[in-house]
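Okay, got some structures for you below.
Across the two complexes that follow, chain A remains constant while its partner is chain B and subsequently chain C.
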Partner chain A sequence: MTAAADAPARPRRRRFDLDRTLNTLAAWVLALMWILPLAFAIWTAIHPSAYEARFELLAPLTFENFEKAWGAAPFARYFLNTFMLVTLILAGQFLLCTLAAYAFARFTFPGRSILFTLVLLQLLVMPDILIVENYKTMRILGLVDTIPAIALPYIASGFGIFLLRQTFMTVPRELDEAARIEGSSILGILWRVYIPLAKPTYLAYGLVSVSHHWNNFLWPLIVTNSVDTRPVTVGLSVFSAIDSGIEWSVINAATLMTSGPLLIAFLLFQRQFVQSFMRAGIK
Partner chain B sequence: MTTATGRTRVPMLIRSREWVHAWLLLLPALFFLFAFTHVPAVMTLWNSFHSTPRGRRPARFIGLDNYERMMGDPIFWKVLGNNLWFAFGTIPLSIGIAIVMALWVNDRLAGRGFVRMAYFTPTVLPLIAVANIWLFFYTPGFGLIDQVGSALFGWPQTNWLGDPSTALNAVIVVTVWKEAGFFMIFYLAALQAIPPSLVEAAKIEGAGRWTIFWRITFPLMMPTTLFVSINAVINSFRLVDHIFILTNGGPDNASSLLLFHIYETAFKYWETGYGATLTVAMLAILCALAIGQFFFFDRRVHYK
Partner chain C sequence: MLKSMLMKAVATATLSTGLALGTWASAQAVELQFFFPVAVGGKAAETIQALTDEYVANNPDVKIDAVYSGSYQDTIAKVITASRGGTPPQLSMALSADMFTLIDEDLIVPFDDYLKSDEDKAWLEGFYPAFMENSQTGGKTYGIPFQRSTPVMYWNKEAFKEAGLDPETPPATWEELVEFGKKLTKKDANGNVTQWGVRIPSSGFPYWLFQGLTTQNDVILANSEGNKTNFDDPKVAEALQYMVDLSTKHGVMEPGIIEWGATPKAFFERQTAIMWTTTGNLTNVRDNAPFEFGVGMLPANKRRGAPTGGGNFYLFKGASEEQLTAAADFVKWITGPEQAAKWTIATGYVAPRPDAWETEAMKTYAADFPPATVARDQLEFAVAELSTYQNQRVTTIFNDALAAAITGQKDAATALKDAQAQADAILAEYR
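Showing the complex of A and B:
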């Protein structure tokens, strides 16, 4: 990596470039500062609690903190809940947003611009803020403390509709018309022409949605109150709020555990992650 | 006459069939959108003029009483002030750092892969986990900040999160750390979209790095800045997860934010009527800020 990055600069100029060196140095200092909190958490999690604040290079490594954390709270159940939650939301969003985006991209009908404005309004007036009313709704529906209750407010995503609409609008109309002449139904055209061409957008939106809802906290905190429904974020906060002397190293192990799957996925698919966020950002 | 009406009727039929199809496609999404966003928003406004129902006593219309109470509520003003300070602390700082990060990562510097990973990693972590990590960082005497501070500069032990004068700023630091890498991505995309020929031309003209940035790069990134800053404003009102872990709004509401206060009012003291009023205030502020930003940037955004 280092050699590859250095190579293009070398043939141009051999002399020492002060400006470049200073910039590289500063970038590295900031990078180390930025990674420090996480590195510190990892350090305490993989060493015995005696080394929580003592830094010795040869301190013994241990996996015990993770075992303790795993045993101290039903994290397996929390993970299962989060997994179900994220899957439910993603499936719902893909289905509803695809249908709505298709209507906005390729149909003319009365009320189109008003409805689209109402969809975009959700980017500002988010379900995250309307917690009081949404809780009342869930209570009326008898859904409090269920996983669908966490998922339902997010299923029709204004952001998702907007993103997919923008992608569908770039599909050439000729493809659409050709499929229509061949006798495909509306849903058939959507399935065979639009969705395959929008695959990168689905990947991008999927990554953004999964990481967003994996990390979501406030609404799940309000609407759940039992082990059977709590996602990992709420589980972690319950676990670390018990102040009866749980060691820091164990709390840090639990913290890393809850963010682990996303973190590992990110390190493995770094390029896709970054590109997905980029793609989702520039409409 | 008959042929003329017949001719218009056929396209009418096709058109109305298209309308029906479009509405059917929209129906499921709009149902959920209205059920959990638009209707609750309107109901929030409605309930803000009503008292909180308790036991057998249903909610009754009380006019502007809740609003009067809000205007006279010192905690509301305190929390609002906190939130504005939080917004003005996090937004320029995280955007500034994001731009610098993007410029560096876009450059061919040694170890770019690691640097980019380091900047972006906090974005993937749950805010709750981030708060846990930083809580340990901030622990008085024991945490890394105090350890480094006392070892290098001989600072006394500081309770960063327990002192009303530093608590909110400590929370701001955590938020900037979490957000800067996220915004960096959008600037990175914007930088890569700038035609290299423009920069080359400026270099031939003898423009320095500084001039190139302020005259070419920064103006061309204005649409991104608009997008990022609207996002940042919304986030500064929406993100309160870390407050739960770091300070719980304390000490004495020194680090409480508006949404956190709404949560406490509605779900700790169960004053849903007053909670609705606070929500209305929050939505009004958000809308005002978003519209204001749009006009502020309108003259400055240069589209290609």
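Showing the complex of A and C:
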């Protein structure tokens, strides 16, 4: 420590520069590797299928792949369903997780630690194992083949409760007590003190949740039967037809189409997302 | 006053009875749920939906809810979950190779109880025997063939001409495949191969095309009870050695695991002059190959041979007698000549009964596009797709053994011997 501090300034700056160059280089390499599949998808989607495996700068542009993909399934309806689904899940998760996290963070009641352990245990259970049990529950509730049936198993999210509880724990008690002295009710404190301070966490969690449920496939496929309830991922699966050979250009057009809204949303809110991730400590 | 009230009451009562009767009658319409997987893209799903709608329009007392259920694997997951969850479909299409799995899970009922008349029995006899091999077991019929396929050989006629071969004559034997393959393999100035002679894809489910080779070598991979495999037979090892030799010894096939999904594309791009793949690809190749191509049976060794593949109709437990009778009637209708012809023309799958090939539509189609009949003619030499109890596990073991031999991690005989030992351990309890 002291040796480093005593060392002359010049070599330290040079070391610092080398570090920086390496960091920048690594960032570029990683960024290129990340963008490459997307670039390939865009390239194949806007060119005729003959150019799938060949790169020619002046290859003719076409919109035909998108038309073909759009016509292969009722995507307009599927988009509406997916939109309703992620909205329902997110609203349910915010409501339930906020209340549960508040209780775990600021109240003492008998069995609190056991209950919290049970919530954490949920993180260890793969949702796919529970498919049959969840299906039975949905049948008893008479909800098979409805959008709530896709959403319900995910609303009591252990991850969401844990994340919000940790955030609420970092809120200084003084703020809580000050609000109490001002005469705020218990729910009023939650609404005026805790939730505003946890905004970055909500944003980060919301993004993770929306993108996860936007892309979920197996459970929606199993619990739904009709066009009126199925999300875009089920529509997308029509293209993974192995018997007839894979048409990359159409698949990529369809993939871009279905993931487009998410990509656009991310690009628009990129700064807020990155900041909220840093503040919320999810990396 | 009183009288008019009474009249009104009577009128209302009559009306409501009438209404009640009306709803009762429509409630009596048998409702069926029918899951179908699709392995050949959007057109197959449309055709199934259109055929189902046509049936419902002609049979107002039956309502069929046709549900697209993803790939074959997704369908099995959906069917098992729905059955365990208490709402099984009445009818579903699933892989013919999954018959033993479905019996083992106790989910399906045989068709025999709903096909009692002599006419029905005669109808059952009318399917190609090769397709019935993995639709029947223990004297009962559990599956009715519909979405069925078999692998065939496609070749590029232009490449044949360039290599000095007769473009109308495909290789007929294993030796010819090697000999033609050597002539067809082209290298550039640096010694890199630009066009391979032959391409037998080996990714995902290599056992299926490999079963073509074992059948040609006159050996069957599993018994018809589905409880004993034959992986360590020397003839199986010989077939695997031949497949490996195509790359390593003869240099006519790309070494390593060859991607299934990319195979038609490689054929169109002239990266290979011959490819083996399913007849389900026929429409795709016809639409997209930028050169003249031929379709032929797989080459023979000790005999000709190929596996069958694809999906059957199954009836599920938990449905009422009326539902199952209606489901069996629907299956009888959809496998009928005109319907099967429409299906074959739209998708390239092989119509499961000879009578479909006698229809005008099929005759016109076959005259216009003779390769369509190759798969049908090959059925004479076809055998059941590898299918056992615990099918997923057993085929995975076998696939791993094939991959180990193809990538050179193990020699053919050792890999197969290990696979047989593992399969025995799983299947012992079913004997």
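By our rule, the second predicted complex is superposed on the first by the 213 of 283 C-alpha atoms of A that agree within 3 Å, B and C clash if a C-alpha of one lies under 4 Å from a C-alpha of the other, contacts with A are read in each partner's own complex, and residues count from 1 in each chain.
Simple rule for what comes next: a contact is a pair of C-beta atoms (placed from the backbone, for glycine too) under 8 Å apart; a residue touches a chain by one contact, two chains touch by 3 or more.
As the structure is a computational prediction, the values presented were derived from the model and not from experiment.
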First, second, both or neither for A:V132, with chain B first and chain C second: both
Partner chain(s) touched by A:I222 [first = chain B, second = chain C, both, neither]: both
Partner chain(s) touched by A:A73 [first = chain B, second = chain C, both, neither]: second
Touching partner for A:A31 - first (chain B), second (chain C), both, neither: first
First, second, both or neither for A:V144, with chain B first and chain C second: second
A:S237 touches, of chain B and chain C: first, second, both or neither? both
Chain touching more of chain A, residue-wise (chain B, chain C): B
Residues of chain A contacting chain B in one complex and chain C in the other: 52-53, 131-132, 135-136, 218, 221-222, 237, 240, 248
Residue numbers on chain C that touch chain A, as the complex places them: 33, 38-42, 44-45, 65, 67-71, 74, 77-78, 80-82, 84-87, 149, 204, 260-265, 269, 277-278, 280-281, 283-284, 288, 348
Contacting residues of chain A [partner chain C, same complex]: 49, 52-53, 72-73, 131-132, 135-136, 138-139, 144, 218, 221-222, 225-226, 234, 237-246, 248
Residue numbers on chain B that touch chain A, as the complex places them: 15, 18-19, 21-23, 25-26, 28-33, 35-41, 43-44, 47, 100-101, 104-105, 107-130, 132-134, 136-137, 139, 142-144, 147, 177, 181-182, 185-186, 188-190, 193, 209, 224, 227, 234, 237-238, 240-241, 244-245, 259, 262-263, 266-267, 272, 275-276, 279, 282-283, 286-287, 290
In the complex with chain B, residue positions of chain A that touch it: 1-2, 5-6, 8-9, 19-20, 23-24, 26-28, 30-32, 34-38, 40-41, 44, 52-53, 95-97, 99-100, 102-104, 107-110, 112, 115, 118-119, 121-137, 152-153, 155-156, 158, 161, 186, 211, 214-215, 217-218, 221-222, 232-233, 236-237, 240, 248, 251-252, 255-256, 258-259, 262-263, 266-267, 270, 273-274, 277-278, 281-282
